[in-house]
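Let me give you the structure first, and then I'll get to my questions.
Going by the order they are written in, the chains are A, B, C and D; count residues from 1 in each one.
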Amino acid sequence: MSLELTSHDYVEYINRAAAKIASEGEYITELDAATGDGDHWTNINSGFKSLVSIGDDLAKMPIGDMFKKIGMTLMSSVGGSSGALYGSAYIAVAKALKDNVSIKIVDIQTIYCEMFAAIKKRGKVEAGQKTMIDAICPAIEVLKKAGEDCYSEKETLLMMKNAAIDGAQDTKYMEAVRGRAYYQKGKGVGHLDPGAVSMSMLIASFADYCIDKISV
Amino acid sequence: MSLELTSHDYVEYINRAAAKIASEGEYITELDAATGDGDHWTNINSGFKSLVSIGDDLAKMPIGDMFKKIGMTLMSSVGGSSGALYGSAYIAVAKALKDNVSIKIVDIQTIYCEMFAAIKKRGKVEAGQKTMIDAICPAIEVLKKAGEDCYSEKETLLMMKNAAIDGAQDTKYMEAVRGRAYYQKGKGVGHLDPGAVSMSMLIASFADYCIDKISV
Amino acid sequence: MKKIINSPETVVEDMLRGIVAANPQLALAEGMSVIYRKEMSKKVGLVSGGGSGHEPAHAGYVGRGMLDAAVSGNVFSSPDPERILEAIKRADSGKGVLLIIKNYSGDCMNFTMAQELAEMEDIEVDYVIVRDDVAVEDSLHSTGRRGIAGTVFVHKICGAMAETGGSLEQVKAVAEKTIANVRSIGMALSSCTIPAIGKPGFALAEDEMEIGMGIHGEPGVGRCKIMPAKELAEVMLDRIIRDFDKDGGIGGEVSLMVNGYGATPLMELFILNAEVGNILHEKGVTIYKTYVGNYMTALDMAGSSITLLRMDEELKSLLDAVVDTPALKGGA
Amino acid sequence: MKKIINSPETVVEDMLRGIVAANPQLALAEGMSVIYRKEMSKKVGLVSGGGSGHEPAHAGYVGRGMLDAAVSGNVFSSPDPERILEAIKRADSGKGVLLIIKNYSGDCMNFTMAQELAEMEDIEVDYVIVRDDVAVEDSLHSTGRRGIAGTVFVHKICGAMAETGGSLEQVKAVAEKTIANVRSIGMALSSCTIPAIGKPGFALAEDEMEIGMGIHGEPGVGRCKIMPAKELAEVMLDRIIRDFDKDGGIGGEVSLMVNGYGATPLMELFILNAEVGNILHEKGVTIYKTYVGNYMTALDMAGSSITLLRMDEELKSLLDAVVDTPALKGGA
């Protein structure tokens, strides 16, 4: 069975992602406390809690509207840098997928490319500057490569997941240029970027959800 | 040899008393922290340090002037309640002994009676209200009794010392009426009064000094 | 102990230098720890003071519309009579001087000794004693109630009265009226550290607070578990209102001060203020004016006090009069 | 965590209620965390804001002579564009609105997104970004310097300029001039505790302090042993002065702010002020005006920041203009 997600499915993923984020409170908080101001988990967690609370509405929306609503909700409920960035990211996805009736494997590449571009623009960052896009960027590369080399959907999703996780881990050696870690003496070198870690968790959750979906 | 102290001797006693107070910092501080604001030791210690620093001048003064100077110095260097009280006490002593050329055993009774009366008046307190006069009051009673019963000077001084120390210990069971311990729920019952304890140390130091003096 | 100081011995001196450096309209009587207005006013003089550690009290209230001179003792220790006399002289323009004393044994003794000294020099001096802390039983035969944040209202109102040319008698009368109508209650989340001692005066467990705390880290009247701000406001207000009830009730209109003890941020004071305001509103009591901030502190103690002042038309107009001091400005 | 709060989730909401309760001249746009002047002024609108936890900033600076509206995010989190748009609308009387942004990624993104939204509704909006913290290297290719206590000077000066009828362009110009002439440096003795997290963001040993601390408990640039106030003043001023040196030097006359981070009592701020004043005096720099107090805090962090603003005649007269806000009043 090949992947095809409805709004209802995407909301199921959101619920899973929210649970994952909720369970990582201490870890993510500590990461942001080390190089930032310690609030990244409360920000992102409250955003996903808000999404869960409007899940029933979201599930009934067309794909494009759903993504837009997710973006607006995150923008107003997450706050901080990540609110603006996630908000911009989802709104960009909404524009790109506005005529979609479902999400297929090819759309996943679109989703993450749009997010990447939107965050880059809004945050004035490039890959390699120790931010959340450093979890997205390797995932996109894998998706492109997988498309060319004709991997199976499941293989593709697994590779995407691992690339995102590795990407987040690689932020440890990067110097921050934007965001709070920049204020540190060592520009955060030696520490993981909290935004990249949470982003990698979301990508991994999404991959897992999709794999479950096609494995049924 | 019967007791006869000069100003020079009294300054020697002041030095000893200052050393004793200096060594009891933690104990007295803790007592005041338990029922008051924790500064009694710093107050009284800084007063005796000031006295030590003007010791050479004090030693050269007539008895009356010396006591007056001690009073003025304590008043301005101790601060708080005890500054006003010790100041008033020594100034009262100065008035009573203004024609003295030395301090004999009979004068000791005068000294403590004057101090007692002055503190009572200035502080609007009675004996038994958990203040510094509860160390003086039993000392005075012993001095009176010793005078009537013809004890030796040494015996008298020893009895005075013990009475002051016991008097301070007895404050444990008293309810405060004046001073900060009054603000406590239990009116300080169960705690020693710091002012009575430091006063008993000064009386005890004085007795010890006098005993040393007549034992030579 | 972690403090921004040079040494525990010099905190008061260094601080007073810092106050006059920031306020060129004020001067420091060197060696006397007295801060006074450079330009002496032609009116009844107002002097307050006491131990240090309550900043901005009292030097922060010297200026037009409030005090003429403030005298500082060591941390939490009353200044001696000589210094108080110096403050009286700096405040005296021939119309007499009123001493505003917070009710502590040490302050009462030292200020009244100074009054005696001043009278020997033919300066007319009278005094009032502020006793607003309802945590303590009031009584004439004991120390009685402490003076805490309500003292700031007395400064403000007497200052305004003096500025309008009131006589010593009139200024004293309005001070007594303010004192009769002001009530406070404090609470602490932590102890404070006296610099010369270097460690906290007492310990409160991670989940404990103390009600009825004074402004010297003296133990309060009851320790309990920390509670939500709403409940705390209820508990604190209840004590004040029950005390007003013994004396005619809270009345229809009060001014309110939510005072921080030094280490409590404004965010928390505003939260407490919201709850106090709600309760008073429910009781049908109008709040004429609200002060939220650090007005009478206890070094680095975390905690706050609530003060209510029953208002009448005279007190309103005096409270509204313009002031210009380091800590209170404008139509504050 | 010991705080006077109802619950970590409601701190901002509860606090904002407390601010308007204490300041009847201000109103709260319910659900939007925007505090604005009830009486709208006919002049260029001034809006500031950011994460909460910096009280009295920014709501405490809303009033005559300063801001028209302040918007609050969650603790240390930038407010979202929708709320900022609400603040813009509350401040707009048709003469345009200037946003005063502290330089943080989140604030810059959210405020500029709000600007885009406002322009879609035909409201003229411009912005300035305050970047006064010399602990951070300045650069155009990175986040660059943080905005900290110097922001209060920008509020004050822009407010005065707008009040005299200056155009949006003129107000922006004087904001940029202020930003070009203001420098700050912070230090911390302790971390702060974000209510929702419940424990301190980092730990400092009993004898350690951190220099270059921002106002969110972000780690600073260097940890060292605590030092006497005199030395601390030297170390902090040195960084500011060296930075001025890259841009024409400190000049002959500055205004000074010694700002507390929330848990540091006034006593310590005045001690630091005395030492800063001495050093500037020795260097032949005149201090035009000094502000000592809690102006831009970081929750319950113990510590302080020093801000210097190079003065000229225009800035002097704007700094002296009368204000009437909860946190700054009179000829402050």
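Keep this in mind: a residue touches a chain if its C-beta (ideal position, glycine included) is under 8 Å from a C-beta of that chain, and two chains touch if they have at least 3 such contacts.
Predicted, not measured: the structure shown is a model, and the values here were computed from it.
If you average the CA atoms of chain B and of chain C, the two centres end up 33 Å from each other. For the pair chain A and chain C, the distance between mean C-alpha positions equals 55 Å.
In chain D, no position touches at least two other chains.
The set of chain B residues touching two or more other chains is empty.
The touch graph of the protein chains shown is a line. Per the contact rule defined earlier, chains pair up in contact as A-D, B-C, C-D. Residue ranges of chain C in contact with chain B, taken from their complex: 51, 73-83, 104-106, 109-110, 113, 135-136, 141-143, 146, 194, 196-197, 201-202, 214, 216-219, 221-222.
Looking at the complex, you find that chain B touches chain C at residues 29, 33-39, 42-43, 46, 75-85, 87-88, 122-123, 176-180, 182-185.
Only residues 2-7, 11, 14-19, 21-23, 52-53, 55-56, 60, 189-190, 206-207, 209, 226, 228-230, 232, 258, 262-275, 277, 287, 290-292, 294, 297, 299-300, 302, 304, 322, 324, 326, 329-332 of chain D touch chain C when the two sit together in their complex.
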